[in-house]
Each structure stands twice: as structure tokens, then as C-alpha cells.
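Each of the next two complexes has chain A plus one other chain: chain B in the first, chain C in the second.
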Partner chain A sequence: MKKTRLLKNLMLSLLIPCAVLLVLEAMALGKGLRLFANADSWKLFFRAVANVTLTTFALSINLDSGRFDFSLGAVSMLSATVAGTLAQQWNVGPWPMLAIAVAVAALLGLLHGGVYVLTRIPPIIVSLGMALFYEGCAFAFTGGKGVSLVTRLDIIGFSTIGHYILLTAVAVALIVLLFDYTRFGANYRALLSGQKIAVETGIHEIGNALGCYAVSGALMGVVGFISLANTGSQQMALNFGSIGVMFTAFLPMFIGGWIGRYINKRVGIMLGATSMALISLAFARFNTASSVQSIVSALLLVLFLIYLNNEFAILSRFRKKQDAK
Partner chain B sequence: MGKQTIRERIPAFASILGLLALIAAYYIVGLIRDANVAYGLKAVVNQSVVVALVATGAVFIYTLGSFDISLGAATGVSALLGAMAYNATGSLPVMFLVCIGVAVAIGFINSSLASVFNLPIFVTTVAMMSVLSAFMLILIGWNGAGDTIKVKARDVRPLDNIPFKVAVLAAYIALCWFVFTLLPTGREAKFIGGNPVCAKLSGIDEKKLAIIASLISAIGIGLGAFLTIVYAPTLNKDTASSIGMDVIIAIVFGGMPVSGGPRSRILSAVVGAFSMGFLSQIMSMLNLGSGYGQMIKAAIFLLVVFIALGSQRGKLLTR
Partner chain C sequence: MKNLKRSLCLALCLILALACIPAMADGNVKIGVLVSDATSSEALAFRAYYTEYIAKAYGVEFIYSDELTDAAGEKSAIDNFIVNNCKAVISFSSFDRPAQIDQCDAAGIYNAVATGTLTDEQYDEYKDYEYYVGAIGPSMDIEFQAGYDMAAYYIDQGMTKFGMFGGGVPYYVDMHIYRAAGMLTAMVEKGGEGANYKGADNAGAIIGQIYADGGIDTGAIGNLELAAYVGGYDFNDAWFGKLSQMVGTEGIQAILTVGSGVDVLGGFISGSGVKLATVDSFTPAMQEAMDNGILDYMAGKFAASIGPIFAATLNAVNGQPIRDSEGNALALGQGYWVATSSEQFAQYCAVDSSMTDPAYTKEILDQYASSEVSYDDFVDFVSQYSFDEIVSLKK
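After this line comes the complex of A and B, so read on.
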């Protein structure tokens, strides 16, 4: 009985990524292409999995607790800018640069959390202010020129499939461990389901919130590093130009929430991100215009949300039809 | 109810005091830097009037406790289609009507999607923002004149003056104030924003109000799109792109809670939009550079919101 349920849950968890893969592969075959035609396709796929998984974790950690965060893109940009500049000045390789990016991003997250808990301003408003502040910092730090590492072959050479898989696996393992198997995670879940009761039972909400912001920041540090190591440059953005990063995480977050009914939610998010990475790969293979990509992604998000928010009505109508037959 | 002390009253006026302080700072900095204050003032009005129009309409949406991030993209699409309509007909009234009509259509689609399918409004507007931004690229591509859509500057110059823009803004504020303050719509919107469960149990139709709020807001977007063409008749993919975020900042800067409810005020949007305009102009006069200027802007924004919150901070962290 238990084995059957496990098998059923596993099958349902893999339903969306497998269905997406099958549909896209069929479309590719229809165009006389293969989705995974060469090493570059695999690289693009695993990079997208890493970026989207980490960004979705960073978004959902705080959003699940009702804390919306517009500053994710700015944290990623500023941490990559600082790490890239220091890597140039100190002539260090990719691993120390990654460590710097993660440390800087965690500190930026902590500062954001600190402003939030000290001022008690609604989190969405604080995140707007911090996004503007961090964008300004990055711009001032480089004089608006950004960072270029195109001559640093050791750092650009970091962009390999093996490294992407390693970073994704470590991030998923650490996040599962932290949020599902530690006291911090238990407190986080208690605050999530009943803030007032949790605080009255002695849970330290401020410490937990600061921890969440720091972890969320650290994840965006990895995203910033991956992006900088891949392209070799970091462009600057002002006036909320950095917030677009966050919008890629919505669909995988909702898909992850659905898959999370059958398997660990963080693994569900990774599977949601995998589905999105397949779609990104298909866009690249089909040479889809960026405007069409945006429209298709937005439509998929709306359609999935329509299903999620009307699931009961849709399923009961479906069952009625089956009963009538 | 005891008498409020001055300290207790400060938060209620923090945004207006902030605006007055910024105006004073603008004149002082202008005097010290020997800047052309009158010219700068014109720039403030030109920058602020579009944000003020869009934000004033958006107050209806925010009062309900909703959130719309697609306002900038909606303004951009309305402006592009308005400009294309003008180029096809050579008629300013047609351009005006197309700007308003497109904005109303977008608002209707947005609110209907959210109401009919029970979608979370914020995520719906995130999707809408992507679609509209992409649509702007498609429109510019269709037009076949490079990366821009242009209206001849001399054709719109007669309207590019401060009295006309202020008159448009004043008329729209008067309309919104009338609906928000004197009609049941405003009271019901505040009720829903303050306590949605209680409002629903009292028989208030949330879906109908959401559609009305979107339509009123759409008129502001259409007017903003029209004035965008008048001020900068060469439009591109980035036209009005920052308005969506500027509106949120303006509303909060103006002292309105982003969660909506009974403390919502129509004038918050105008106060906030002009505060931002003066702040940008002060940064520009101080010649601090874009990065430092934005950092200071962010710090002042957070400070004003912090003061405006006053004694509303509870034991639990705000969500």
C-alpha cells in the first residue's frame, strides 16, 4: 500500500516536467530538430535549471511568509559586481570569487532584513527602497561601467555542465536540510502557518526573518556569479531595471507548489524550474523572438494559475462527465 | 478618544511635510548652485504629471488591497497605439480617444481575468506586464520605421505647455475625488481594503468594484499616455517603462498604505508624484551622479515611509 502510494506520488511529481519534455520534443521533431542536439543545448539547459531553481528558492523563502521581495535582481547584480571587481583586483579564481559573491549577497540580504525588522515598514515597500539602494550602490561602485571579465578565461571556463549540476545539487540539498530538518526550518514553518501563535510560544521571529533574508541573498549571490561567469560581463541597471530577474521565478514557484503536494516542496520547485528550463531551451532551439517568448511564458503562467485557482470546479465538472458516461 | 499630541499627528502629515521640505530644499539648493529654478520647476511638472495621473487612478486599485505592476506597460502600449492612430489620421482627438480606449480595454481584460478566474491580481498583472511589453516590441516592428514610433513634434507642440497639463491633471483629480469621496464606490472600496470578509458579508460586490477601479484607473493611464506623446513624441520600447514602479513609490511616498483600506486618499498619489519629481530635480542640481543620487533617493523614501507609519508598528513583523 505504502509502495503504491510512493510510486503514485513519484509519477505525479514527474508528470509536468515529463509532459513538457514530450510536447517540446514532439514540436522539435515536427520542425526537423532535436531538443538536445549538442553539448551547447545541454549547457544551456543546466544553466537555466541552476538559475531558475536558485532564484525561485530565493523568492519563495520570503514570499511564502508574506514578504514580497523586489530586490532579488539588485542583490544578484551588486554581489556579482563586487565579487567580479575583487576577483580582478586580487587575481583570484572562480571558487574564491563564488565565495565572495555568496558572502556579499548574504550580507546584503541581512542588511535588507535588518532594515525591515528595525523600521517595521511593510516588506514590499522596504524591498522597493532596497532595490533602488543596491542598484545605486552597484552603479556608484563601478562608475556605471559595470564589470568585464572577458579576459579571465579561468572564470569564464567555470561555465560547465558539471559545475551547474554541482551548484544546483548543493543548493537543493542545503535548502532541504535547512528548511526541513533543522530547528530554524521548524520555526520557519510554524511562523508560516500561524505567526501570532508561533511568536507567543516563544519562537524568535526576528532572528528567523533575518536568517531567511540572508539565505535568500546568498542564493542570489550564486545566481549573480553564474551569470557573470557565463557572459563575462555585468551590466548596470538603475530605476528598477534589475527587477525582471524575479519574474522568471513565478511560474516555477506555482508549479513547484503543485508538485509539492506529492513530494518535498523544494524538490518540487526544482522540478518546476526544470520544466521552465526545457521551455527556455525550446525557445532557443526554435529561434523564437524575445517578444513571443514573453507572451508564451505569460500565457503559460496565466493558464496554470487559472487551473490552480479553479481546480476544484474543473475536476468536479470532469468527474460529473465521467459519471454520466 | 483623547486629544492627539503634535507627535501623534506628525505621521498623518509626514508626506505633505516631506513635500514642503523638498520644495524648500529645491529652492535652497537652486540658490546655492545658482541654477535656473524656473526651468527646473517646469521639468518637475513635466516629469511628475504623467506619474501623478496614472498614480491617482491607481489609488482605486490600491485601496482595494490590490496591486498592479503593469501600469507602465499599459501606458506604453496606449501611447504607441495613440501615436500610430495619429500618424494614420492626423487627428489629435482620434489620438486622444485611442489612448483612452486602449487603456480602458487593457484595464477591462486585466480586471476581468482576475475576477472571472479568481486569479491573484498581482500575478495577473505580472503576466500582463510581460505581454504588454512584448506587444510594444511587436507594434514598433509592425510600424516599420526603425526602433521608434514618431509623431511630428510641431503637431503636438501647442499642447506641450504647463497650464494644459496641470488642467488635465486637475480635472482628473476632481473626477477621482468626486467618485472616491462623494459616491458609495470609494467608501465600498475602502471597506473591502480594510476588511474584505466583512465587506463581502455586507453584500459588497468585490468583483464589480475591481472592474470599476480598473476602468477609472485606465482613464488615468490613457491621459498619461496622451501627455507622454505630447511631451516626448518619439516613442520607443522603453516609453513609460518605469511608470509602474514609480506609481507604487508615489503612492507610498504620498502617505497611503500599500495595503489599501480606510486610510487611502486620492491626494496621496499627487503628493507622492511631485515629491519624487522634486527629489530627482534636487539630485540633478547637486550633480551627485546617477548611482549616489539613487542611493539618497532610496534612503529618503524609506525615511518618509518610516515617519508616516508612526505608531502603527505592532509586536509582530508586518507582512
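After this line comes the complex of A and C, so read on.
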């Protein structure tokens, strides 16, 4: 009985990514293409899995607690800028650079959290302010020139499938460990289900919020590093030019939430990100115009939300039809 | 209480009066600068030339706008310049040039277009406006030629299979469309008998085709092949995937980019053996890319290329605008410097990045920022924009 349930949960968890893969493979066949044509396709896929998984974790950690965060892209940009500049000046390799990016991003996240808990301004407003502040800091730090590491083959060479898998696996493992098997995670979940009661039982919501911001920042540090190592350059963005990054995380977050009914929620998010990575790969393989990409992504998000909001009614109707037969 | 209020009022008046003194004493000419790009290396180089060299050399003050994103932003920025007592506006922003000129004209401050030009229709309408100084920059013909020369450079070396990065082509950025059209035209002209791009076999038809499609199609062009194309600036995983695929396209020999080539493709090009050509600026980062074989060909606007439009604007502010024999404003083209080797690049970069001895120094500009300069002299001066010509001007 338990085995059957486990198997059913596993199958339902893999339903969306497998369905996406099948549909896209069929479309590719129809176009006379192969979705995974060569090593570049695999690399793109695993890079997208890493980027989207980490960004979705970073977004959902705070959003689940009602803290909207527009500064994710700016944290990623500023931490990569600082790490890239220091890597160039100190002539260090990719691993120390990654460590610097994570440390800087965690500090930036902590600062963001600090401003929020000190000022008590609504998180959405604070995050807008911090996004502008961090964009300005990155611009000032490099004089607007950004970072160019195109000649640093050791850093560009970091962009391999193995490294992407390693980073994703470590991030998923650490996030599962932190949020599901530690006191911090237990407090986080208690605060999610009822902040007032949780605080009355002695949980420190400020410390937990600061921790969430720091973890969210650290994850964006990895995203910034992956992006810089991939292209070899970090360009500057001003006037909210960096906030687009967070929007890539909404659909995988909702998909992850649905998958999370059958498997660990963080693993569900990774599977949601995997589905999005497949779609990104298909966009690249089919040479889809960016306008079409935006429309498809928006449609998928809206359709999925419509399904989630009407799930009970849809399933009831489906069951009635089955019973009638 | 009454005495306290009086004292406070008196103190406030005193503070206001004191605040006005420096403003009244400050005789610096203020010039507003409209920018729609504040972060590219080219934009930064232009800004550095104005604020770190020209401002000090001429005692003028440049007030920069924020990074503008639309015509409403341009209007608001010009309002701000007017309030700040700016005598002129130099515009690097092109969302609504006619509205900028109208607004400046109504306010009685001069307007000049830097690194761009008006369309022929716009020029006909505004050429005799009292407060319109004119435009100096690469015309669309020059943009077209920059693309043509880039493609021809590789075709003449015997290369036959190309990739292209179209940058702003999907967003209908005119200069990018003209550069791309120049590249395609070179392929059509050098692709052998019957070569054409989607049936178009001349510059006009190719430009029209790109405007109609909002993109560029891959395929054979005579005995040449445009094997891959990526446009836009999406900066998402799919877009990076397309760029990576383009570099990995079998047999591709060179990738021609309408701009930002090193920034978007540098990481993928490293070690691939594919040649990269771009339009950008002469910065140390580009120099490093060229030294390491990542960048092979670069057409660049030099930072001091905005010196002549400053000289023309200063003349206008000083009451001696430069006009042709019919009283029309300036409309002058200015092209690129092209570097195809590290040594050449280093030579250009040394001059271009210098803030003590830039390409157009005060000594050179002084000859043209004066009441004695004629229209013909000024046209002659602007037309000598090649590196060698400018070096000879310095002697």
C-alpha cells in the first residue's frame, strides 16, 4: 500500500516535466529537429535548471512569507560585479570568486532584511528601494563600465554541465536541509502557518526574516556568478533594469507548489524549474522570437493559475464524467 | 514668540540670499545633456570626454539627464535644464527629436544632436529654426557603410559562412538595421551572380525587407551563407542558448555584430576559432579582447567625436551660430575608426582614452569654437575624422 502510494506520488511529481518534455520533443520532431542536439543543448538545459531553481528558491523563501522582493536581480548583479572585479584584481579562480559572490550577496540580502525590519515599511516598497540602491552601487563600483572577464578562460571554463549539476544539487540539498531539518526551518514553517501564535510561542520572527533574506541573497550570488562565468561580462542596469530576473521564477514557483503536494516542496521547485528549462531550450532550438517567448510564458502562467484556482471544480467535473461512464 | 518668528524669517531670507550669491557669481555656461544610454562603454567614454576634459578646458558645466526611456522623459529632462538656466541642450536621445527641438526653441535655448542625425524630412522642417544648432554624427549612410565594410573585410579574405548578431533590429533601431543591411548588401554584391537576400538585390530593397520583417532570415546568399542569426537583447537562458548555438554552428567562420559583440558573445567565442567583428568603442576591455584574439575587427566611434558638436553649440550660445549660405543648421556626417589588429587598436585606444590629449583637444576645437569660423571651414574640419587626419590636425 505504502509502495503504491510512493510510486503514485513519484509519477505525479514527474508528470509536468515529463509532459513538457514529450510535447516539446514532439514539436521538435515536427520541425525536423532534436531538442537535445548536441553538448551545447545539454549545457543550456542544465544552466537554465541551475539559474531558475536558485532564483525560484530565492523568490519563494520570502514570497511565501508575504515578502515580495524586487531586488533579486540587483543583488545578483552587484554581487557578480564585486566578485568579478575582485577576481580580476586578485587574479583568483572561479571557486574563490563564487565564494566572494555568495558572501557579498548574503550580506546584501542581510542589509535588505535589516532595512525592512528596522523601518517596518512594506516589503514590496523596501525591495524597490533596495533594487535601485544596489543598481546604483554596482554602477558606481565600476564607474558604469561593468565587468569583463572574457579573457579569463579559467572562469569562463567553469561553465560546464558538471558544474551546473553540482551547483544545483548542492543548493537543493542545502535548502532542503535548512528548511526541513533544522530549527530555523521549523520556525520558518511555524511563522508561515500563523505568525502571531508562532511569536507567542517564543519564535523570533525578526531573526528568521533576516536569515531568509541572507539565504535568498546568497542564492542570487550563485545566480550572478553563473551568469558572469557564462558570458564573461556583467553589464550594468539602472532604473529597475534588473528586476526582470525575478519574473522568470513565478511559473516554476507555482508549478513547484503543485508538485510539492506529492514530494518535498523544494524538490518540486527544482522539477518546476526543470520544466521551464526545457521550455527555454525549446525557445532556443526553435529560434523563437522574444515577443513570442513572452506571450507563451505569460499564457502558460495564466493557464496554470486558472487551473490552480479552479482545480476543485475541474476535477469534480472530470470525476462526474467518469462516474457516469 | 513674535520676535522668534521675525528672527526665523530674517534668517531664512539671509540663507536664501547667500544661496543665490554663488549662482549669480558662477559665470559658467550650463549645457544640458540628454542621454538614453548611461551604461554602455561608448556612452561612458562620451561622458568622460565632456565632464573630465571639455568641462575643465572650457569652464562649462554639463548637466546630465537620467537614463531616459521615452519621449516624456526627454520633455521632463529639458524642463529641468530650463529651470537650471542651461543655455543649450546636446541630445544623445532620439525618442522624439522634433519635440525636443520644439521645446528648446520655445524656451529660447539651443538644441544640438550628437552622434546622430535628423531624417531628411525632419531636417527640412527644422533647419531654419533659430535655436536649432544642427546634428553631427554617423548618418544612416555611414551606418550602412560600417556594416558593409565589416562584411566585405571577411568576404575579401575568402570566408563564406557567417553568423550575425542583430542587436536592436527586432526593436527597429535604425542604426542597427542599416548596419545589418550593409552587411547583407556586401554579401549580395560579393556573393556571385544572382546573389540576393530574400529576392532583394540592392541596398534599398534589403533595408525595406528588414523593416518589413523586423528580423533577418538565414540562408544562402549566392555562394555565401548567412548560417545563423540572433537578434534582441533578451538576456534570458533561451537567448544565451541561441548565441551559444550560433558560435557552435558547423563551419561558421565569422560572426558580424551590429554592436555589443564582445559583451554578448565574448564568453562563447573564446577558444572557438570563430572571428568576431563588432561596432563598439575603444576601451581597455576591448583592447584586452583584441589582444587575446576574441575580437578581430572593430569599428568604433571615438570619444572625442562629440567635440565638434560642442564647438558648434558653444558658438551658438556665444551668439555666432554656424549656418550655411542659406542660413540652415548643420547636418554633418561623421564616421568610424576601424581597427583590425591589436597594434592599431592600441594606437587608437591611447588617443581615445586620454583625458589630457584626446583626439580633439582644446587647441584644435578653439580654431572652430570662434566667431571667425566659416561654415565651409567647419564642414571641412568635421569631414577629417579618420585617425590619421586627426593626428595630422594635432601637428
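By definition in this document, the second predicted complex is superposed on the first by the 325 of 325 C-alpha atoms of A that agree within 3 Å, B and C clash if a C-alpha of one lies under 4 Å from a C-alpha of the other, contacts with A are read in each partner's own complex, and residues count from 1 in each chain.
Quick note on the criterion: a contact is a pair of C-beta atoms (placed from the backbone, for glycine too) under 8 Å apart; a residue touches a chain by one contact, two chains touch by 3 or more.
These figures come from a predicted structure and were not determined experimentally.
Aligning the two structures on chain A places chain B and chain C in clashing positions.
Legend: residue contacts after superposition of the two complexes on their common chain; A:Gly144 is shown touching both chain B and chain C. Of the two partner chains placed by the overlay, neither chain B nor chain C lies in contact with A:Leu21.
Of the two partner chains placed by the overlay, chain B and chain C both lie in contact with A:Ser290. By the touch criterion stated above, A:Leu238 is placed in contact with chain B and with chain C alike.
When both complexes are overlaid on chain A, the residue A:Gln195 reaches chain B alone and has no touch with chain C.
Looking at the shared chain after the overlay, A:Val82 reaches neither chain B nor chain C.
After overlaying the two complexes on the shared chain, residue contacts for A:Val115 are found with chain B alone; chain C is out of touch.
In the superposition on chain A, A:Met97 contacts neither chain B nor chain C. Once the two complexes are overlaid on the shared chain, A:Leu59 sits clear of chain B and of chain C alike. If you count the residues of chain A touched by chain B and by chain C, you find the higher number for B. When both complexes are aligned on chain A by C-alpha atoms, chain A residues 139, 143-144, 238-239, 290-291, 293 touch chain B in the first and chain C in the second.
The touching residues of chain C, counted against chain A in their complex, run 38-39, 41, 43-44, 66-67, 69, 170, 215, 232, 234-242, 244-245, 248, 262-264, 266-271, 283, 285, 288-289, 291-292, 294. The touching residues of chain B, when paired with chain A in their complex, are 113, 117-120, 123-124, 126-131, 133-135, 137-138, 141, 242, 245, 248-249, 252, 257-259, 289-299, 301-302, 305-306, 309, 313-319.
Contact residues of chain A toward chain B in the complex are 65-67, 115-117, 119-126, 128-130, 132-133, 135-141, 143-144, 195-196, 199, 205-206, 209, 238-240, 243, 247, 250, 290-295, 297-299, 301-302, 305-306, 309-310. If you check the complex, the residues on chain A that touch chain C are 38, 40-41, 43-44, 47-48, 51-52, 139, 143-146, 148, 150-151, 153, 156, 159, 229-233, 235-239, 244, 248, 277, 280-281, 283-285, 287-291, 293.
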